[in-house]
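By letter and in written order, the chains are A, B, C and D; residue numbering begins at 1 in each of them.
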Amino acid sequence: MNTLIAISGLGVFCLIAEIFNLRKLLVPVAALGLLAILGLTISEFETPASFYNNMIVVNKFSVAFSSLFIILTIFLVALSGDFYKDHPTKISDFISIKIFLLAGSVAMVSFGNLSMFFLGIEVLSISLYILAASRRLDIKSNEAGMKYFLMGSFASGIILFGICLVYGATGYFDMAEIHDLSQGLGMPVWFPIGVALIVIGMLFKIAAAPFHFWAPDVYEGSPSMTTATMSTLAKVVAMATLYKLLNDLMPTLSPKVEILIVIISILSMTVGNIMALRQKNVKRMLAFSGISHAGFMVMALLSLSTAATTLLYYTAAYALAGIASFAVIIFITKDKDNEDISNFNGLGKTNPLLAAILTASLLSMAGIPIFSGFFAKFMLFANTIKAGHLIVVIAAVINSIISVGYYFKLILAMYTKEATSEKPAVPFVYTAVAVLAILLNIVIGIWPSLVTNLLS
Amino acid sequence: MNNILNQIGIENYIFLSVLLFCIGVFGVLYRRNAIIVFMSIEIMLNAVNLLFVAFSTYHQDAEGQVFVFFSMAVAAAEVAVGLAILVSVFRNIGSIDIANLKNLKG
Amino acid sequence: MDTNLALLLLLSPFVGFLFNIFFGKKVSRNVSGAIGTLTVLVSFLMSICFFAQLNQNGKALEIHLFDWISVHNFKLDFGLLLDQLSLLWLLFVTGIGSLIHLYSISYMHDDENMHKFFAYLNLFVFFMITLVVGDNLLVMFIGWEGVGLCSYLLIGFWHKNQDYNDAAKKAFIMNRIGDLGFLIGIFLLGSQFNTLNFSELKVALGGNLSLYTNICLCFAALCLFIGACGKSAQLPLYTWLPDAMAGPTPVSALIHAATMVTAGIFMVTRMNFLFDLTPEVQNIIAIVGALTALVAASIGLLQNDIKKVLAYSTVSQLGLMFLALGCGAYNVAVFHVITHAFFKACLFLGSGSVIHGLHGEQDMRKMGGLRKAMPITFWTMMISTLAIAGIFPFAGFWSKDEILMVAFEHNTILYVVASIASIMTAFYMFRLMYLTFFNDFRGTEEQKHHLHESPSLITIPLVILAILALIGGAINLPGSNWLNHFLEPILATKHEEHALGTHEYMLMGIALAGAVFGILWAYSKYIKQGFVPKQDSEITGFSKTIYNLYYVDEFYTFLIVRPLNSLSNFFRTTLETALGKLVFGFGTVANGLGTQGKKLQTGSIGLYLFAFVIGVLAILTYLFIAQ
Amino acid sequence: MDVTTILILLLVGAIATYFSGDKLASKVALVFSLGAFGLSLSLLSTYCNGGNISFIANWIDIPKVALAFKADGLAMAMVLLTTALTPLIIFSSFGNSFNNSKNFYALVMFMSFAMTGTFLAADGLLYYVFWELALIPIYFIALIWGNGDAEKRKKAVLKFFIYTLGGSLFMLIAFAYLYSKADSFLLEDLYKLDLTASEQCWVFFAFFLAYAIKIPIIPFHTWQAKVYQKAPTVGTMLLSGIMLKMGLYSVIRWQLPIAPDAAKTYMPVLIGLSIAGVIYGSIVALRQKDLKKLLAYSSLAHVGLIAAGCYTLTLDGLSGAVLQMIAHGFVIVGLFFAAEIIFRRYETRKIDEMGGIRTQTPKFTSMFMILVLASVALPGTFNFVGEFTVLYSLSQVNVWFAILGGTTIILGAYYMLKMFQNSMLGETNAKVFAEVTSNEAITFVVIIAFLLFFGLYPKPIVDLITPSLNEILSNINS
């Protein structure tokens, strides 16, 4: 709870900071504040509690994920400083929006009441709408914002309908109550329908097929900073929330639902990977790869009992790799009019470090050992096989093979093509963020227990 | 109040709001004008709100109605942002026909 | 003590090899030649003293050096076996070997790589000794392949000429075909009897054997014989030997006449206890031997290259030896091996001397009348020719006559074939003599001008060998039969003495008459009519076929080499790419789907929302309506 | 003092090489690799004196993964192969100059580290991690420092990477499945597992896919020739000398004991396939124009024979296979080095652009000759010992296997001698061919000495590997 309040407070502070004209300090202050909040959050790890008659429930799960979100936000905020330096007047808005977005996400993993959940998801989405369209004069950005907004609010409508049906069936918004009731028999048919609708809404948020169409366009159109936010933070949040919802509303999956999950998972990863193969635009490519990763994460839901750990690890691995790669991508494409792969030609020679980092993060996404992406995938496979769904795993493996194809397209460009233009010196912050992120990734890759032991 | 509900039966409320909701959906699907699409979305939300109220009466508890306020506020915020985006779109391409937004594809 | 001496016997040529390969270039040619010769001579002396020792106590010497290969059911140690057979072989291998080394010092004197030549010769002798003294099949196999390698190196000695290199390659590969057979034989024996050691095998085979074992034995014997065919140039693997004449003449004398090619006979004799148990295989051997003798001899009739003639005569003589083996008369075969070593080495060296005198001319059509120019060469070669033709009392007479006798006892047809072969032998050998040494010289003037007898280093070995060719038959004269007695210990079945009865004398007479007839035939054709073989282009009819070696090589090329190459091309070009496409077709499919999929992502919100709604409906229908 | 020290040393070596700068890189790498070699020798002596040099510690709690390194005779033999070849390979590359060589040699060291780990790992997941790690460096080595047209090279290398990765991912599934059964990745526990026939069958083939691609066994070999051709010779040596052996070793260590019944069931098929590879490789090699490609196919043929030996499931087959692995490792490195030497002088790998070299370089010729003879398994060379044992084991299974496999004796001699003749012999080549430098000579001499010595006295190695092979066999047959 304190986390949520503190974050909101920090957001407000950032807004006010504009008035007192503290732009220079803003980024460091925000980052430090977030660090402090991180500490605060972690301090709550061992003490599960619930606030305001179960509006907010703090437990290991919520703390672990909140911490992950905060770390990601720190990285994103750190990057923003340089990214928005050409329109300084707006910087505090951007930062505060990001922090509010964080507030939304924290609410989404620590809600104890559907209304809190709804507020959280709306805060998150609305902030994202703004960020997506934030480049006012850029048609692409506008289009991205428009598309995201339309489809997003459509999805919210469906989620809202779902919530409404659940409420109608149980008469409660409180998760605990609903959970108890849902165990008993005699639930009207609206209840499962409502749950289904909520889940569908979340599937839209994590861009799982067939609700993925918005993702590539929005990712491509939005400013790179926003794309980074969406593909790392937003996706992770949505996934965690989806798990939390399913776990509370539908603890035992009926075989029918399992089949449905299998289908969605396979569909998402296949569509994502196959589509990614032929992309020229890096952001678009990562969007599709994100879709395929969504497929992987959905797979985790097949073994709900162990899913929490698996998801935490997978999302951490994926998001950290994403941050690292986006740090590089943002820097490379900062003053380019497009994000084509050709921009990365010869990076291996002009800037070995960034090239190495990007390579590492791509390898992590491809699931090559010592990078945490490998263990993430492996745990997923192991649990899914334990749960007895070999088919999904085989499909997943085939997909990982395909995915190597496009990840390496980028690597090949960096190491075998000749550089087109000389790169300017890299601002420290990019390198710092990228290195930190990839180091974290590797660390949890070498000692997965650091993460896996948290929730068990 | 309650007895009215008993007379009419909760199902009808559900059917009604589902109907409204579907109208909204179809509006979103078939209209190209962004404003109308917004309105259709609003219809969807309000259909749900109606159902909320009905349910809250049905369960004899106020939470549902409180939630309606939540959702209204949220909807308002959403539409505000949406309109802002729409304005900038209009500034850039001089039209609010969502069919024109096809630069991002493939 | 014995061990050290045996090691000295074995390794001394190897030392020579090392010396010549590493320091040969630094020291003068004579030195490297001398070293090479001496090291072989040392082995010769060693073998003599071992021989003497054996003659006294008559018991074979087995020396275990170290463990080598081990498989689950038996161990193979690296051991030496010095018994009657191996010592006999050692004697003439090293003896003739040192003579030929001596000869080479002068013969190769003008070659820049002389030290290499001696190195290779030494290496060869080393491997030959290994082959002979090995106490189990696998050690023998080391020598077996080693001599093959050396013959490869020496045939291709003048490596600038790719034809020679082809010949060398051919020799090696043909040998390898045999070697595969040899290996398989080894496997079969090893898996049956859990040993490859000769003495142990002999014991094991002595016991009573199951039917299955007997069948295995048949196959094993057959495989071993295939190996022998490769080494000893029998049908159908004989074609490499004539080509091997590309090497320097001493090589032809040492490797392709006296020693290496007899390895097959040695091996069969070693394993006689095996072959005695498999009469079927023995018959095959006999038939193959007889056929080889006949075919080779017939080809020899029309060859004009002096060394080719000798090569084919070698093949046919080897055929006769195998005939003897096939008839179970191992001692007879050995006898012929020895005498043949004498006179064939002499003949080759003689021809070498001739070629030397003519500065590399090998075509007999361009020779003639060399009798006066090089008398020693002439007389020594004459003696050897009489020997090979089987004229009383030269060495060849006795050995060949015994073979014919054995063949006669065994089967008349074989006998007839063998006799025809030996008549042909007499004919073409004298044809060679007449064309080379009689009438007048047919070469160019300035060749004629340079005609001269070869230096003493060349003639001395000739003389020695000629003497041996003259009296060599003494070791197994019908009365004494020293050789037979000497070999008895290593032969499983005793070879009964046949006292010289009437029909033995008759056979001798026939053989002699045949030889004489052959000689007269040649005489009338080449001396009386002074006939000179036609140029290659003018040869026609069946003789053309013979002249072209029955087109055997062409046949092999057509049957094996070509198909193999075209198959290779097919695999390389077609199949490889096809496989590649097949495997990575997966990738292309995925890419294709990707391109198609891009069309789906049209960018129209309407479509996206539509897909969304469809998705929702589909899920709800599946979950709640479809049952 | 246990085997982990070797790994640490190699890893440190890789890092040190990276930071030592382009000038020193090769030297540093050489020093460290030699150190690793010495270390493994001393550890071997400890092992032979009955000392325990294995290592086990906890690594991950969920899933339960241990940091287990089991160093029995077999593993040590392979480790020695790696640590002995690595310095040789590095040393052999002193003649070339690579741009930013520090990365290059660091990658080489890292690869050697990963491969050593693969040979030592006794925990399924750990093993898999090393197995995959070995793939990354060779990918970059071949990609960045390779030769030939960049586009073609990219394609070939990428195919290689995807192909091998794909194979090993199926192995990963198999491991995940085994884990779900055994709740542990430890080798012993996996050995103890008794699976039903069908489970074994598919686990076996999941493994097989990974190994068949790595080894490679036809028809999974299509990546090989091109990569060998395109990769820099150092990379080719690493690939053919050591990395192939990873696959074969894994067959012995993991595939057979974990799914023995399946192995027994499919034995004829697998042996048949391997031997088909022998013949196929030899025949394709007959008409190769490119020296490195020819060697690639020859090695396809040889490893085919080795694989056949592994699948006989007899002691002879296994020990013969291991011997042949070591022998082939050395000889193929030597041969590729010879090709490299010719390339350094003539800038070509086309055989018909060579020829007439022998007259100019007696030393090089004789050393090349010896290597050629070794690779055709002339008795007295180490290769013969291996090949003999393998063929013998085949003949135990079925004599026809031995005969068909034995054709390599003939065909091998054919294409190798043909290659030698066309590349080295003939009229003196117009282009000057400098005699081998002392550095180059040293590499050859070491290899040749090794091959000849163990050709005559293989006992030490046999004694080293036999006990562990027996142990594995007992696991297979129990």
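Details
Criterion: a contact is a pair of C-beta atoms (placed from the backbone, for glycine too) under 8 Å apart; a residue touches a chain by one contact, two chains touch by 3 or more.
These numbers were taken from a predicted model, which means no experiment stands behind them.
Across the two candidate interfaces, C-D and A-D, the one carrying more C-beta contacts is C-D.
Of all the chains, the one whose CA centre sits at the greatest distance from that of chain D is B.
If each chain is reduced to the average of its C-alpha atoms, the one that sits nearest the average of all protein C-alpha atoms is D.
The mean-CA centres of chain C and chain D are about 37 angstrom from one another, to the nearest whole unit. With centres set at the average Cα position, the gap from chain A to chain D is 43 Å. Chain centres here are Cα averages; for chain A and chain C they lie 78 Å apart. Rounded to a whole number, the gap between the C-alpha centres of chain A and chain B is 27 angstrom.
The multi-chain contact residues of chain B, meaning those touching 2 or more other chains, are 28, 98, 101, 103-105. In chain C, the residues that reach two or more other chains under the touch definition are 587, 598, 601, 603, 605, 609.
Counting partner chains per residue, chain A shows two or more touched chains at residues 146-147, 150, 154, 216-217, 405.
Chain pairs that touch, as defined above: A-B, A-C, A-D, B-C, C-D. On chain A, the positions that touch chain B within their shared complex are 115, 118-119, 122, 125-126, 129-130, 133, 136-137, 139-140, 142-147, 149-150, 153-154, 156-157, 160-161, 163-165, 167-168, 171-173, 190, 216-218, 220-221.
Against chain C, the residues of chain D that register as touching in their complex are 159, 162-163, 219-220, 222, 225, 280, 283-288, 314-316, 356, 358-359, 362, 366, 373, 378-380, 385, 388-389, 391-393, 395-396, 399, 402-403, 406-407, 409-410, 413-414, 417-418, 421, 425-428, 456-459, 462.
Of all residues in chain C, only 598, 601-606, 609-610, 613 touch chain B in the complex they form. Only residues 21, 66-72, 78, 116, 138, 141-142, 144-146, 149, 152, 156, 159-160, 162, 165-166, 169, 172-173, 176-177, 179-180, 183-184, 187-188, 190-191, 219, 564-565, 567-569, 571-572, 576, 579-580, 582-584, 587 of chain C touch chain D when the two sit together in their complex. Contact residues on chain C toward chain A in their complex (touch as defined above): 587, 590-591, 593-595, 597-598, 601, 603, 605, 607-609, 611-612, 614-616, 618-620, 622-624.
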